[in-house]
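In the two complexes below, subunit A is the common chain; its partner is subunit B in one and subunit C in the other.
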Partner chain A sequence: MDALIFPLSTLAIIVCLGALLHLQFGQAGIVNFGVVGFSGLGMYLTAILVIEAEQPFGLALVIATVVTGLVAAALGWLILDLDNEAVLVATLAFATIVWHLSTTEDQLTGGVVGLGTVPLPFDLGDYRATTLAYLGVLVAIAAALVLYARQVSRVPYGRLIRSIQDNEPLARSLGKPTFRHKVVFFAVTCALMGTIGGLDAAVQQFLVPRLLLADTTFVVWIALILGGRTRVLGAFFGALLTVGLFDIVVEQYVEVPREYSLLLPDLQLMAFGMVLMLVILFRPAGLLGDGRKRRAPGAAKGASA
Partner chain B sequence: MSAAPTRTDSTPPAALPARTGEPVLTLTDVTKRYGGRTVVDVPRLELGRHGIEGLIGPNGAGKTTLMKLVTQAVAPTTGTVVHHAADGGERRLSGMSADAVARMGVVKSNQVIQDFDSLTIRESMLLALAASRRERFFSLFGERAFRRESEATIDTYLERFGFADPDGHAGSAGEKKLLDIVRCLLLRPSFLLLDEPTAGLPQAETDKVMELVRERTAAGEMSVLIIEHDLDLIWDTCAHVHFMAEGQVVLQGTPAEVRADATLAEKYLGTSHV
Partner chain C sequence: MFECDAISSGYGEVTVLHDVSFTVGAEVFAVLGANGAGKSTLMKTIARLLPLSGGSMRLDGTDVGAWAPHRFAAAGMAYVPQEANVFPDLTVAENLAIGGMIGKRPRAERLAEVMDLFPQLSARYDQSAGTLSGGEAQMVAVGRALMQDPQLLLLDEPTAGLSPKYVDELFSTIKKIQTERGIGVLLAEQNAGKTLAIADRALILNLGRVFLVEEASRVDDTTLKQGYRL
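And now, the complex of A and B:
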C-alpha cells in the first residue's frame, strides 16, 4: 500500500492538469502544448521560495500561482489571437524556455544537480499518514477541478467559451469580447497549472530539470485525447488507462525481468503513441465520445440533408 | 472598368423624398483594397435615415464587404465610419473592435451560413441574450434564474419561427440561416444589417422575418439595411435603395427612382435578370 501513495499522487496531479487542459482545449479550444511550462514554473517557484527564501509553503504556493498567471496573461496577450498552429508552437517554446532556465539558472534551481528537499506542507507526525493525507488533498483538488469544469459547461460562461472555440468571429459579431475572454481564461487556468505544479513539488520533493521535459505535457495530452477532450471526465479516464495502467499496475504488480525494466519508460511512451494514433483514427472524440453531439438525434442526418 | 459611365452620389439628387430622419451611420472616404484591387470605394454614404434601406448590385459589387467595413469585421484600408447614437452622441466605429461595434447596437447577419456547432438552438439564443456580467469564469450559478428570465423572449421567437427541435442543433441550412438572423434580433440592435436574409430560407420563414423587421422598424426600435437579390422584396420593403457596382455606390433614391434609372438596367438587370 505504501508503495502506491507516490504513483497515486502522481496520477492525481495528471488528472488535475488534464482537467485544466480540458477547460483550455476541450472547452475554449486553446491549444496549450506547454502544460509543463506552467506547472513547472509553479513547481520551481514554490520550491525556490520554500527552500531558498524560507517562506511558508502556503505563501510560496500563492506567489507561484500569481506569478504563473501573470506570465500566462502576458504570453496569452501576445499569442491568443494567432491561429492554432502558432499557439501550439508558442506554448511549446515557452515550456522549453522554462526547462532551459531550470538548467541555466543554477544558483536558484540547483541546475542539473537538483533542488531539494521540498517538505510536505503539513506534518501529522507519522510520515505515512502525512503522505496519505496529502494524497487526499490532491484527490479533493482534482475532484474540485472536475466539478468546476462540469458546472461551467452549464452556465453562460461555458457557452461563451465554447462559442469562441466553435466560431470566434461569429461570437465577436454578437458583441462578445472574445480576445479578452481568452486571455483571462488562459491566465487563470495556467495559474492553476502553476498551483498544481507547486503541489507536485512536495510530491516529488527533489526537483531536477528532467521533470520539466515535454513528457508531462504529452502524458496529459494523451490522457485527455484518449478519454475525450470535450468530456469533463475525459482526462480522468484517460489518465487511469495510461498512467494508471503503466505506472501503477505494470510497475507494481507485473514481474518484469531486470534487463527489460530499463526499457519500460520507452516502451510506455511508444505504447501511448500507438494508442493515441488508434484513438485519432478510430474514435477521434475519445473513448467517452462527444456527449454533446449525441444529445441531438438527427443532427448529423439533418446536416447532410 | 472605370471607363463605364457612373453617377457617383457624394450628394444625393434633389429629387429625393423628404428626409425622414438623421442618419445612423456616416461613411467618409471609406475604401477597401485586397492586394492591388479596390473592392470598395465610397467617398460619402449616409445610412439609416429611412427606416428600411436596400443595398443592391451585381455579384462581386462589394455589398457584403461594405457591410463588413461598417461592423469592423473587415478593417477599412482608409476612411472613417461614424455612428450617431439616438442621444446625439457620436462614436467612430473605424478602429473599434468588431465586438465593441456590436455592443454599440450595430449588428450584421451573415450571407454565408455561420453557426456554433456545439450549441443547440436554444443555447445559441441564450448566448446572444447573456449579459457580460454573467459571463465571468467565476459566475457558476444563476443559470436557472437566467433561463427563467429569458424564457418568455425565447419562446416568442420559437413560436414565431419554425425550428424543428429547439433543444437540438440547427439541422438544415435554412434553420442555421434563420438562427443567425434570430441571434441578431435578440441583441436588440439599433442598426441591423441583413446580408441576403432570404437566400436559403423557405418563403414562409422569409415572410415572417420581414414582418418582424418591419414591425420593429415601424416602432422606431431600429433602422435596417438589407442586401437582396430578390428585387421584388427590395421594391416592396425599402424606403430607400443604394445601388452598388464595382465597389462604388453609383445610384441611390426611392425604389421607384432606382428602378427607373438606366444605370440599373445596364449594370444589373441587363446582365443577370433578363
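And now, the complex of A and C:
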C-alpha cells in the first residue's frame, strides 16, 4: 500500500491538471501545449521560496500561484487573439523557456543537480500518515476541480466562455469583452496549474529539470483526449488509463524482465501514441463520447411547420 | 437616431465602402444592392467589427466610431451576421440566454416574448443550434438579437435560405417588432421587392457607394434596375 501513495498522488496531480486543461481547451478552446510550463513554474517557485527563502509552504504556494497567473496573463495578452497553431507553438515555447531557466539559473534552481528537499506542508508525526493525509488533500482538490469544471459549463460565465470558442466574431458583438474574458480565464486556470505544480513539489520532494519536460503536458493531453475533451470526467478516466495503468498497475504489479525495464517509459509513450491515434480515428469525441446535450435532429416532436 | 457620416471602410488595404452617409430613426431601413455591393461590409462596419477608414458614426449624438463591438452592443446595438450567426455547439436555450446577458428587463420576460414570436423553437429548446434547419437557425439568430433588447437591430440577410412562406413570416415579425418597440432596424436584403414592402426607407448600395436613399414606397423598378447595375 505504501508504495502506492506516490503514484496515486501523481495520478491526483494529473487529474487536477486534466480538469484545468479541460477548462482551457474543452470549454474555452485554448490550445495550451505548455501545461508543464505553468505547473513547473509554480513547482519551482514554491520550492525556491520554501527552501531558499525559508518561507512557509502556504505563503510560498500563494506567491507561486499569483506569479504564475501574472506570467500567464502577460503571455495570454500577447497570444490569445492569434489562431490555434500560434497559441500551440507559443505555449510550447513558453514551457521550453521555463525548462531552460530551470537548468541555467542553477544558483536558484540547483540546475541539473536538483533542488531539494521540499517538505510536506504539515507533519502528523508519522511519515506514512503524513503522506497519506497529503494524498487525501490532493484527491479532495482533484474532486473539487472536476466538480467545478462540470458546474461551470452550466452557469452564465461558462456559457460565455464556450460561446467565445464556438463563434468568437459573434461573441464579440454580444456586449462582453471577449478578449479580456479569455485572458482572465487563461490566467486564472494557468495560475491554478501553478498551484497544482506547487503541491506537486511536495510530492516530488526533490526537483530536477527533467520534471519540466513535455512528458507531463503530453500525458495530460492524452488523458483529456482519451476521455473526451468536452467531458471533464474524460480527464479523470483518461488519467486512470494512462498514469493509472502504467505508473500504478504496470510498475507495481507486472513483472517486467530486468532488461526491458529501462524500455518501459518509451514503450509507454509508444502505447499512448498508438491509443491516441486509434481514439482520434475511431472515437474522435473521446472514449466517453460527446458530453454535450445533443438530440438527434428530428428527435423532438411537434417541430414541423 | 443612428447616423453615418461619409463612412469608408474595407478589409486591410482594400476599401470597399466609400463615403456612405445616411440616418436611421425608428423605422425599418432597407439596405439593398447587388451581390458584392457592400451590404455585409456596411453591417460589419456598423457593428464595429471592421474599423472605419474615414467618416464618423453616432448613436443619439454619441460618437461610436471607435468603440469596440461589445461596448456598442451594451449601448443597444444587436447584430445578426449573414453567416455563422448562431453558436452551433450551444443549445437553442443557451444561444438565447447568451443574448440576454445584457439588457435590464427580466430575462424570463424577454425569453417569453421571443418564444411567442418563434413558437417553433420551443420543440428545439435543448437541441444544439448546429443541428437546426436553416430556417430554425435564422429564428434563433434573430431571437438571440432580440434578447439583447436592442435600440438598433442589424439584420444581414435574415431570410437567406428560407422558403417563401418563412420569408413572409419573418418579415412580418420584423415589422411587428419594429413598430411595437419603436426601434431602428437595418435590414440588408437581396430580395428588394418583399423588403421594400415592409421598409420605411431604403438605401441602395452600388459598388460600395450610395446610389440612393429614398422612401421605400417611392423606389420603383426602374430605379432598382439602375441601382443594381454594375
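Note that in this section the second predicted complex is superposed on the first by the 292 of 305 C-alpha atoms of A that agree within 3 Å, B and C clash if a C-alpha of one lies under 4 Å from a C-alpha of the other, contacts with A are read in each partner's own complex, and residues count from 1 in each chain.
What we mean here is this: a contact is a pair of C-beta atoms (placed from the backbone, for glycine too) under 8 Å apart; a residue touches a chain by one contact, two chains touch by 3 or more.
All values derive from a computational prediction rather than experimental measurement.
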If we overlay the two complexes on their shared chain A, which of subunit B and subunit C does A:188 touch? Say first, second, both or neither. first
So, A:245: does it touch subunit B (first), subunit C (second), both, or neither? neither
Just to be sure I read the superposition right, which of the two partners does A:172 touch: subunit B = first, subunit C = second, or both, or neither? both
Check the residue A:148 against both partner chains and state whether it touches subunit B (first), subunit C (second), both, or neither. first
Have a look at where A:275 lands relative to subunit B and subunit C in the superposition and call it first, second, both or neither. neither
Considering only the touch criterion stated at the top, classify A:156 as touching first (subunit B), second (subunit C), both, or neither. both
Chosen between subunit B and subunit C, the partner touching more subunit A residues is B
Interface residues of subunit A shared between complexes with subunit B and subunit C: 156, 159-160, 162-163, 166-167, 169-178, 292-293, 295-297, 299, 301-303, 305
State the interface residues of subunit C toward subunit A in the complex, per the touch definition above. 47-49, 68-70, 72-74, 77-79, 81, 84-91, 94, 97-99, 101-102, 120, 123-124, 126-128, 131-133, 136, 148
Provide the residue numbers of subunit A that touch subunit C in the complex, in ascending order. 156, 159-160, 162-163, 166-167, 169-178, 292-297, 299-303, 305
Subunit A to subunit B touching residues, read off their complex: 148, 151-152, 154-157, 159-160, 162-163, 165-167, 169-179, 181, 184-185, 188, 230, 292-293, 295-299, 301-303, 305
Which residues of subunit B touch subunit A in the complex? 71, 73, 97-100, 102-103, 107-108, 110, 114-120, 123, 126-128, 130, 132, 134-137, 139-143, 146, 164-165, 167-169, 171-172, 175, 183, 187
